[in-house]
């Protein structure tokens, strides 16, 4: 019996091993018989940016740049930054990557440089660059956060006007809370601790970056630390939202997906979130939602904005020039970017680009808000999203996320929060 | 005699790391005369070397290349300030270790790891034994139930974590049920920093329980029924019988489950990553393995991460050594 | 005492029922549409659907099937090689009775106690040196090296419980040590082999990190990596995730059922024989 079992299992394994021999272990280096160079391309998949979307963008690009064979890789989870770094530490950094933070990789010489000449078509070629050296194509703009709100919740609570100032935000939150609705939705449960930062991001935009655009540079040079009065004010105001019950531990424990679903189902009035959210609600929900900028003290329009997030190329790609050519081409195909607009809510930061038909109502409103900020308001960077120089050290965001959860759960106070950030920052930069 | 035998075989099988095989038997076999003359001795030495080369060398070579060298390598990196993002690296002696042993978040991770290990070892053993006693009967029902308890063992930690997360989240199955029976404010099993680590440990106990059940069932099957019957006739109650006979004879089972559970719980990572990401908040469920991976791959501080791994290795080795010694002494006494 | 015999089966069934509940949730939800999974996770699938399973099995990217083929290959070859090498090594160490054998085992067991992630970077550097990085043989080598100590540990315990006379006799008859081992000893190690195979099978099948890093991003992934990918952060489709898990678990389950009879005895070093 035992021998038979062993034999059967053995035979099965052998058969499958033979079959699988051709699927696994395919080499990823160099050129093949036809002279095409094979390049790996690290992507990520979401319900909107699915396999078909990526494959189509690759096909379109290959039509423009001949002689390239693309092997598409998929990050196994949402944390593609960590995955890219794991691959790098094992010597397997992909040749081309999308939306991987270049910090660290760039300083270590792992990424290929782009010149400003090559980026003629880009609106802000040196955004998030390393003192002018470009390692990641700044193809997309995102505003982080916008305040998305439920019109039904505002109506039910008797909030007639969208809050423009900090005091109006507090007043509106009070009414919403009195109506039995969570005023400001902050999520970050389970593995999604990264998602809890957006309310604080809004406050750091209005309280820190709007007043002192050089805060991060000063932090990097050691001229200031997180006990900077502006930063303390931002955290204190966040604490005020918690103390008054506008940001609650209950919603905090939801994951990003659970939280978004709950907000769309009517649980919560205001949802501070990046502009990518604008394409998530279905058509019916779009009608019920609106958007405004995170309110500043005096009501002036301040918009935290991140421009970057595009492709980068490994300096050890089998053919770096070809890989760069391909990456530049991929980034400029109208349909590729249109897909990013429709599926991921991206604002495309190219001179030669037309917004496609069929964008959602919230997308249009978010984009209008951004354009308004560019013309009439103040555009600032997004805390924790900065790439290049200056930026926060790799891994620092996780500490901020942990500290936020502690603050919301009452495990720490403003002073403890500031101390924790200072300590971690010293640890990571010393 | 029967009692002695069951115990002895267990002892031999499990404590092979530290104890010499029964000497009497060995000497008997040695006595066989086989060699005389220099040539034959030389030939034998060649054969001996050949046997070693065939039987041990392949294992040794693979182990050395894949585990031993990397461990030594890792330990060595722990004495440097290596960072993946910086080309130059220098030797900094014990700085990393000094930093870690005074760093609250590392000490918290250390404490969490020890707490999880303690909970998993104690509760898995206790519940596993209780269930094994309950299932120690023949019949299809008990065979079926044994498989039920064993099934989680073969699932991946990711699967188990996803299933349990759907039960334990704030508005998950458990709290919905609790609310429906009138509990107004059920605890946040995964969202309360004071509770999350116990939820995490309980999930691990659930997953590994079947392993303990199976090992204890095997141990129980090795206890001759005559012993129990004899004690029963002597008037010993069930509890007295358990204390005097069953429990001492299960000592080897306890050793094997404890060592295996320690091995699995010291390096717990997957459950933490899926269920809590080290939170809620600052490190309330972070384990050493979690910290090591975070430090190495996210913060890209390989020197510091290697020092963490070094400390972890020392603690794990010490704990296992102590536990093995204590448990095996018990086996010997009985 | 005998009057209460009905208590045991009832107690056993109740306890097992509670224990089984999470598994029940996972299984019934495979056969329900995702909307029902969230609305009423406990309910029986009144109108069972195979849509989730079909959906996973017919994914356009073939994630499940390519993963399955890779997993079977990787797990099968790794565990067979490990079992054979470990059996020989353990047999030699026990029979030669050298003091360094125990020291060696002690060192080997230490390797089992650290998370593989910790030593993965040096491992990948070594694999690169010997040209096996990002290959299936490289991943197999890592599995063999990492799990060998456990297998040796189990086999050593078992070999001690086998009387020496049999192999001595064959030896005297002129059969070489190698032949003696394969013809006489290895068949006797059957229960130990079964438990080693089961544990290795389960561990390697469920391993996420080794395939992810050693096979490299381009080499095709295993089913377990596929589960990670289908969970993602944008998890909404619970039905599909549970279906993926269900399908990914079936091979291990079958494997366990095939070997379970032998496996308990192997772990316990033959103690249950008498």
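The letters A, B and C name the chains in turn, as written, and every chain counts its residues from 1.
In this text, a contact is a pair of C-beta atoms (placed from the backbone, for glycine too) under 8 Å apart; a residue touches a chain by one contact, two chains touch by 3 or more.
Fair warning: this is a prediction, and the values are worked out from it, not measured in the lab.
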Inquiry  = Which chain has its C-alpha centroid farthest away from the centroid of chain C?
reply    = A
Inquiry  = I want to compare two interfaces, A-C and A-B. Which one has more contacting C-beta pairs?
reply    = A-C
Ask   = So, what's the distance in Å between the C-alpha centres of chain C and chain B?
value = 16
Note = Chain-centre distance (mean CA atoms) for chain A and chain C, in whole Å, is 37
Remark   = Per the C-alpha centroid definition, the whole-Å distance linking chain A and chain B comes out as 39
Task = Please set out, as single numbers or ranges, the residues of chain C touching at least two other chains.
result = 120-121, 228, 231
Inquiry  = Where in chain B do residues touch at least two different other chains?
reply    = 274, 296, 302
Query = On chain A, where are the residues touching two or more other chains?
reply = 86, 89, 191-192
Request  = Sort out for me which residues of chain C touch chain B in the complex.
outcome  = 8-9, 11-13, 15-16, 19-20, 22-23, 25-26, 41-42, 85-86, 88-89, 91-94, 97, 102, 104-115, 117-123, 126, 130, 141-142, 144-146, 148-149, 152-153, 156-158, 160-161, 164, 168, 172, 177-178, 181, 202, 205-206, 208, 224, 227-228, 231, 238, 241, 245, 248-249, 252-253, 256-257, 260, 264-265, 267-272, 274
Contact set on chain C toward chain A in their complex = 60-61, 66, 69-70, 72-74, 76-77, 80, 120-121, 124-125, 128, 133-136, 190, 194, 212-221, 225, 228-229, 231-237, 255, 258-259, 262
Note = The answer for chain A against chain C in the complex is residues 2, 5, 9-10, 12-14, 16-17, 19-21, 23-28, 40, 42, 45-47, 51-52, 71, 73-74, 76-78, 86-87, 89-92, 94, 191-192, 255-257, 261
Ask   = Hey, which residues of chain B end up touching chain C in the complex?
value = 2, 5-6, 9-10, 12-14, 16-18, 20-21, 25-26, 29, 32, 47, 51-52, 54-56, 58-60, 62-63, 65-71, 73-74, 131, 134-135, 137, 141-142, 145, 147-160, 162-164, 166-167, 173, 206, 209, 214-215, 217-219, 221-222, 252-253, 256, 262-263, 266-267, 269-270, 274, 289, 292-293, 296, 302, 305-306, 309, 312-313, 316-317, 320
Message = Could you list, by residue number, the parts of chain A that touch chain B in their complex?
response = 81-82, 85-86, 88-89, 104-105, 107-109, 189-193, 249-250, 252-254, 258, 393-395, 398-399, 401-403, 405-406, 409, 411-412, 420, 428
